[in-house]
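Look for chain A in each of the two complexes below; its partner is chain B in the first and chain C in the second.
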Partner chain A sequence: MSTKGTKIPERLKIPFAGITPAPTQEKGQDLFPTGNWRSIRPVYRDKLPPCNNACGTNEKIQGYLDLVKRGKYLDAYALIKEDMPFPSVTGRVCYHPCEQACNRGKYDEAISIRAVERFLGDLGQALARDVVKAGTPNGKKVAVVGSGPAGHSAAYQLARLGYKVTILEKSPKAGGLNRGGIPDWVLPQHVLDREIERLVEIGVTIKTNVEVGKDVTWDELKKNYDACVLAVGLTEPNSVRAEGENKDGVLYGLPFLRDIGMGTSKVKVGARVAVIGGGNTAIDCAREALRQGAVEVTMITVESNPQEMPAVPEDLHDMVEEGVELMHGRTVTAVLGNGRIEALQLHPARFSGAINASPITVDKEAKAERFAVDNVIIAVGQRASLGWLPDEFKTERGTIKIDRFGRLGDTNFFAAGDIVQLGSGQPLMVVNAVGDGKRVAFNLDKVLRGQALEPRTVPVDVLFDLNRMNMTYFPHFPRVQQTLLPAASRRKTQEEVIQAYSEEQAVEEASRCFSCGTCNACDNCYLVCPEPCIVRDVRSNGLYKILVDYCKGCRVCIEECPTGCLEGVPELDFDTGVVRMDTAFAVSPGLHGRQAEELKNLGDRAAKNI
Partner chain B sequence: MPTIEVQRQVLPILGSPNQGARFFNPELPSSEPFVPGHRTCAGCGPSIQYRMTTKAAGDNTILVGPTGCMYVANSSYLCTPYNVPWAHTQIGSAGSFTAGVAAAYEAMIRKGKWKGAFPNIICEAGDGSASDIGLASISGALYRNHDCLIICYDNEQYANTGIQASSRTPYGGMTTFSPPGPKVPEAKTLFPKDLARMMAAGHPHCYVATASVGYPIDLMNKVRKGLNHKGAAYLMIYTPCQKGFVYETPRSIDLGRLVVECGLYPIWEWNPEKRAYDYSFRPQNMRPVSEYLKLQGRFGHLHAEHIAKLQNFANEQWRMMGVELPEALIHAADAKNLVNMAAAVEAETVAQTL
Partner chain C sequence: MPTATEVKKRTVRINGCVAAAQAAKYADVDVITAYPIRPYTATMMALAQMVANGELDAEYIVADSEHSQLSIAHGAASSGARVFTGSSGVGVQFAYELYSPISGSRMPVQMMIADRTLDPPGDFGSEHTDALSTRDMGWLMGWSCDAQEAFDNHLMAYRIGEDPRVLLPQMVCQDGFFVSHITSDVELPDSGQVKEFLPPYKHPYPLDPRHPVSHGPQIMPEQGPPLQLERARAMEDSMAVIEQVHDEFANIFGRRYDPWIEEFMTDGAEVVFFLQGAHAVTARFAIQHMRDKGLKVGLVRLRTIRPYPTDRVKEVLSKFKVVGVVETNMGLGSVSSGGVLYSEVCAALYESQQRPLVVSFMAGMGGEAIVMKEFYWMTQKMMEAQKQGKIEKRTHWVGFEE
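Showing the complex of A and B:
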């Protein structure tokens, strides 16, 4: 019993038999360790949120959304930069597999993760000095061939690990697919330029106009560098194998975009343009053609309806809004004209196998259509150009043969990006290439240190089931929409179509995050505990501690945990090597402990660096 | 003799978008006047309430504990979990004891014998003390307007003596004093005393409010409003009792939410300045009472007509709060549209086989 405020006479101040110790805020009533009533113990065990899991480079999406929610933008930016060298680029161009996986999509609308990422990326661009520093130099030299997403990512991670990195780029400007494959109205050049500046700032040397196989050979790479990452990408466009494809006015998707992006384009498109293909590149080509002065743009696809097209629905919608016509179920069998294209000969066609997998079956019996055009842009995929590579490392698909760690045999050569992912079942996306570059960089580091490469064997519990969370704490709330330029005006300009979030919008959107399976320090368990035996020392880091001396195992905290991070574990499971009522935390703290540790460090780091 | 100005504590009101827990609240005080190591049951509703109340009140607080669970279970062997001064009093004298403490501090401050702010004086009476045995003394304390907060932690029965019916036990609630049987299949036949409205109507100069452990921030804010109110304040707080209600312990907070969403425990405030009820609190959903009843063993014997009667009672509460009733709730008030509780069906077949 507390004696605070009571005047105790001197003679009573000595301890005497029968008096019990007063409880304290720190220790509670240690005379009664009620923890031995318990049969089930609450344990914090963080699961992997589905967004982190779906992301090609496993960005800690839940982590940075949570930091944005709390207004810690710089910490959020630093967290994103661990896995993603250019959030301002992916914040614009990413096909957001995270949003498709978002659990909130099953509840009302998925979180607009990409828009928040862009907000953070732009914030990072505005900083005078980046939060990321190069690692302590270890004296080793690494060459990265190609400066596209995979090469950029590998170079970035290697520079952070302390390597002296040189990027060899065959084009006059660095950026690879980020520059050549993505139009300006999606990703303005200055944004990419700034990200490449950042890469140079951490000590990466970029040599442009250097083509592997021509200016530098395989043996020279082997001799001059300790290791090499090949991220050459897919550079050669596929043809549609139509008669007269070599006529004037026949363009190919990626070179068409690349020349515009590099500023070396000499093409003037005519009034009527046809685009062959139904993928994302085809959509970009169609929309770029409008901006290059075309009046009527028609997209000709083998797919019989828009739903089957291997493209992002939002982009498809925006394209149709801008006035591009769709023509389904046909393919080009010949390009007609006298030296210069005048028309296309079209035949009905369909995929013979599964959807979007060649070969296609052309119905030659049907009557051919004549479709008058001034230009045609063929965008039916790309392939690699690997003449310089020793044959032993080539696959029958025309890609580079690697083991599961991205390594070419026993050499110190590694490959990453589209060049290895083509045909692997993974969609070819910027973010997947970034992830590949990151993993390969870490594997390369291990090889050069002489450590064994081991696949990750830790089982990951991804939280997909909304029943594992307490949904009463999440009111329905609509998604904050990004504003778009009006369709009529954007047809003629190179200005960005999708507008950025304001700070308020970013915080509002980040607040919608469920934080699936991961403790985000909402204080629910802390507030509802009847004992109360849940304590937290540092308020903001989300690390709670359960005093198992007192926890009676009522499981109110588990039931009221909105994110499903808390779990009940039978007390009997703790008997191996663990003294009962002695450990206050989980058998393995899992992500929870790690994340808390990371978040704690981030604060210091960000403060010091800026 | 110079008059000494009474220093009063002013506790800030916490902000929260939905009055529930959910969001990290930087304003939450860090002190814990109620510490672990007490001997209440696992998942105890009253002790959740006790903890939230004391956390909201802070360290300069004096607690009065008339006989009840929170006295019996917590103060055995002269050892209590209260980290602030706490005193036990008889079950009937909750109000008079609290009034005495408040009056003593007023006098001590007036005479200059107590330096410092006037403490938060809180009386934590169970519903047995507050609605039956100590009703008169609490009414007296409120009537005389002593500066104190009297809380009725309402677990709807006498729980520390082994679950006996109190005047707050709801219609249909099974206790050892109101067991269901062939003559009285609904167990308790009387509807509960509307204690909080009685206190508001009888002592209109007092701050009176109801709260539930399902809405922690709302509860803590009402405690602070009651303490900030100059004069007597009265709070009735819904606190589920795992032993008496017979439910699974993790559902304590859930029940606190459901009872409000089902309309069986309206949440309101009596505004003593305007002399009016404030019904602005709205739960996220409105649900039929069966969703609340089916979680609890004490309602397991109910037949369809009893559930309909309870739904009618809930509908009246909604109407009293000026809420327009959705069709579904009117529909659910008709016994024809309801089924017996599963346990009740089984009990009938047992009776027939015998």
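Showing the complex of A and C:
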């Protein structure tokens, strides 16, 4: 009788013959810790989404899109405000490098991130009280020179860190490039005003009509403040060095826009206007000229076709739609007329280098064209005015000399924005200036607290490869388009051209986000795990846990993770969580190889029973 | 016929499931048919990836059950394809109808088994009952004890089964978890070596509309016995082929296995374990320790159970005083009222002039690991029997007795 004398141990007792305990953790699974089967362990590792990586100020884009998707608009607004003081502005004006980087762009159409940002920014504008608070005062005073994007951003972050911040602004109104470089029909002034109010609400003092070098000197800045951020921007327009450029009717891009923005413009443009330049400022000038009463506006570029122009394609398209003509491959060699401009003399031209910032080769042999105009607006870039700056901090390219932390030598002066980025290879755009202002604010804070400045050494894993996600979970879905005012009517008004998203549109667009490489609490791992080896208390990002005692490493959760935040890591990489057994399956240097030492003693331990 | 990509010999760290998949890839199988059940699923997962990645040019058919899976395998083999399939536990049982027709029509289908305990209720640990219950269906059958051996056995099984003297399907078995899921170093050969060892499969009478033949029609009762006799003859004839193939394998790949039995530390041994599969790994280790302490204990591992090497078992086991059969299978109401291996051992020993005592151990049931101290306990039981000159009882339930 084989069963004679057998006895089932108490811990394995069954309730009734053929009936086994319910597979609960207490009585069922504990009997068989299948974690021992595993050679690959699933691990949640969030990657950096490409949008966050591409953003000049590293907004947590995936994060706020996810919150918008869930209807948590206020949380989303608070998240965006960590890195961006004025989402209502960038939601309108940003050249959105995030959208160019968006993985969805390789799949169907990039997420309209800017439109969602504007939705959140406008939501913030409507709040009676902003979510952002000033930091606990630390008694230190910082001057920020310039109230453009970089200065605004630096002042904002410093105020949040507890500094007493004073902004010194040369113009009669704060805003810098945000006010003077961007037309009303892109960014209405009241939107910017509201953001500047927000800055004052957190304790920032703004002194207008104060020009560095004139009303305040370098030494005074040094003496009166614990530190200073120089965010003076590029204020002087470049010339095209054409003969007769000093004639009446010759205008320059940024001053043209600035005077209109500040309300101090005395210019009355004629019927025929030419704009020289192929960049974004030139486009804004051309479109503004229409609104100022021009009938025929022609844009003259050295670039030989629209694709080469260093401009945002949508804006270029909208400009052409409004009726601006393009004339390529030419430059102005002389402004003709008797005291006042009558026509331009044009010659064929091209860039002599590969990029559109390289010198221009003009074909003087070719027959000159005469192009009759009433005004010309020259918009071929800006430069700085740095007469007030000590020579030791000037670079050859006419910018401020800084170290990689934005600091001027070992002084407590820092610089940010276009004034340091010009010619650095970084495109000059609002969001890059904001990011610069933010980073410099944090570096300044470290220096004043006596901490060492160290570059970040942790490598970032940016998820660019769609193969690292499970694309079967993402049906193709078109981008939610923002409506535009009709081209015919908008060319004569200062009304905003691009219309805001409705709430439904914002949610729909945010829902298109892949959440590249980042857990978005989709619950998929939790649902597909064939065993209950993945647990969570609440459904929330990053709160999922693997029960390593039971997970067999079947990889189903890894393969089925839509966003690719779950990774399979070889079990050998772990010191903990391997279930140990009294067997000898570890003798070869395999999965349980590190148990080999223990196994040597195992024989002796067990042999005592003999 | 597309061939697998040329690869060089290399050592990789993989588990038994992936080793089996690798073997199928090296064998350049034409048709793979899958239906998921743990733990063998990982093999099909690996193969699916190989096919998807273009490493292996094969038809990958996901069936709607194991019954369909084996039916597809049968049909594909009939058309002349080299077929790879597999299953575990109750999945093996669900396909039961097909085992005899496949061997009866002499289709050398290969089936990978990663053992799983049969229900009830849902225990997925390794127990050999799933494959052993089909042991008399005309399939060649044997167990591997680690991933390398699994890889090698799969390659050899194709060669043996497809030999014109044999033409029989093969079940290449490995313990679930202990082999299927534990990672170890496996030497993968040069593709040239495999080409030399395993010629392309060519069935003599494949289904082909240009040359019509009949496979498996209804027959008169008198036509049955010749078919059965031929199948029995093939089983017997396979024994010489198995030995020859193992020799050739050793010459080409440098790893020599005894086709039937592995003896471990049996020199001067008086009591021996007799078992199949993965638990040999722990047994060897336990035996080394006991040998260090002067105990005369050894291990005899059966590598091929079908065809059963009756004479060899008799010859080897007659040298010892006590044989302890570690079953790892269920034979409810069987000869020993324990497992089914006991009767295979006893039947082989019946004609021996010098019969050892035979005792059966129910250990490793439900996929439980047989731990070191259980091997010591079993050795103690065998040594007691040796001293008494008789066994206490035919079957011991290890872990449930004092």
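Simple rule for what comes next: the second predicted complex is superposed on the first by the 544 of 610 C-alpha atoms of A that agree within 3 Å, B and C clash if a C-alpha of one lies under 4 Å from a C-alpha of the other, contacts with A are read in each partner's own complex, and residues count from 1 in each chain.
Rule of thumb we're sticking to: a contact is a pair of C-beta atoms (placed from the backbone, for glycine too) under 8 Å apart; a residue touches a chain by one contact, two chains touch by 3 or more.
What you see is a predicted model, and the numbers here were worked out from it, not measured in a lab.
Judged by the touch definition given at the top, the superposed model places A:K7 against chain C, while chain B stays out of reach. In the superposition on chain A, A:C554 makes contact with both chain B and chain C. When both complexes are overlaid on chain A, the residue A:W37 reaches chain B and chain C alike.
When the two structures are aligned on the shared chain, A:G450 is found in touch with neither chain B nor chain C. In the overlay built on the shared chain, the residue A:P532 is in contact with chain B alone; chain C does not reach it.
Of the residues of chain A, those at positions 1-2, 4-6, 18, 20, 23, 32, 34, 37-38, 530, 552-555 touch chain B in one of the two structures and chain C in the other. Listing the residues of chain B that touch chain A in their complex gives 18, 20-26, 28, 31-32, 34-45, 47-48, 51-52, 75, 77-86, 213, 216, 242, 249-254, 257, 284.
Across the complex, chain B is touched by residues 1-2, 4-6, 18-25, 28-34, 37-38, 70, 472-473, 475, 520-524, 527-533, 539, 547, 549-550, 552-556, 558-560, 562 of chain A. Of all the residues in chain A, the ones that touch chain C in their complex are 1-9, 18, 20, 23, 32, 34, 36-39, 530, 552-555, 571, 581-585, 587-592, 599, 602-604, 606-607, 609-610.
Residue ranges of chain C in contact with chain A, taken from their complex: 13, 15, 38-39, 41-42, 45, 120-125, 146, 177-178, 181-185, 278, 281-282, 284-286, 288-290, 293, 295, 336-338, 360, 362, 367, 369-373, 376-377, 379-380, 393-397, 399-402.
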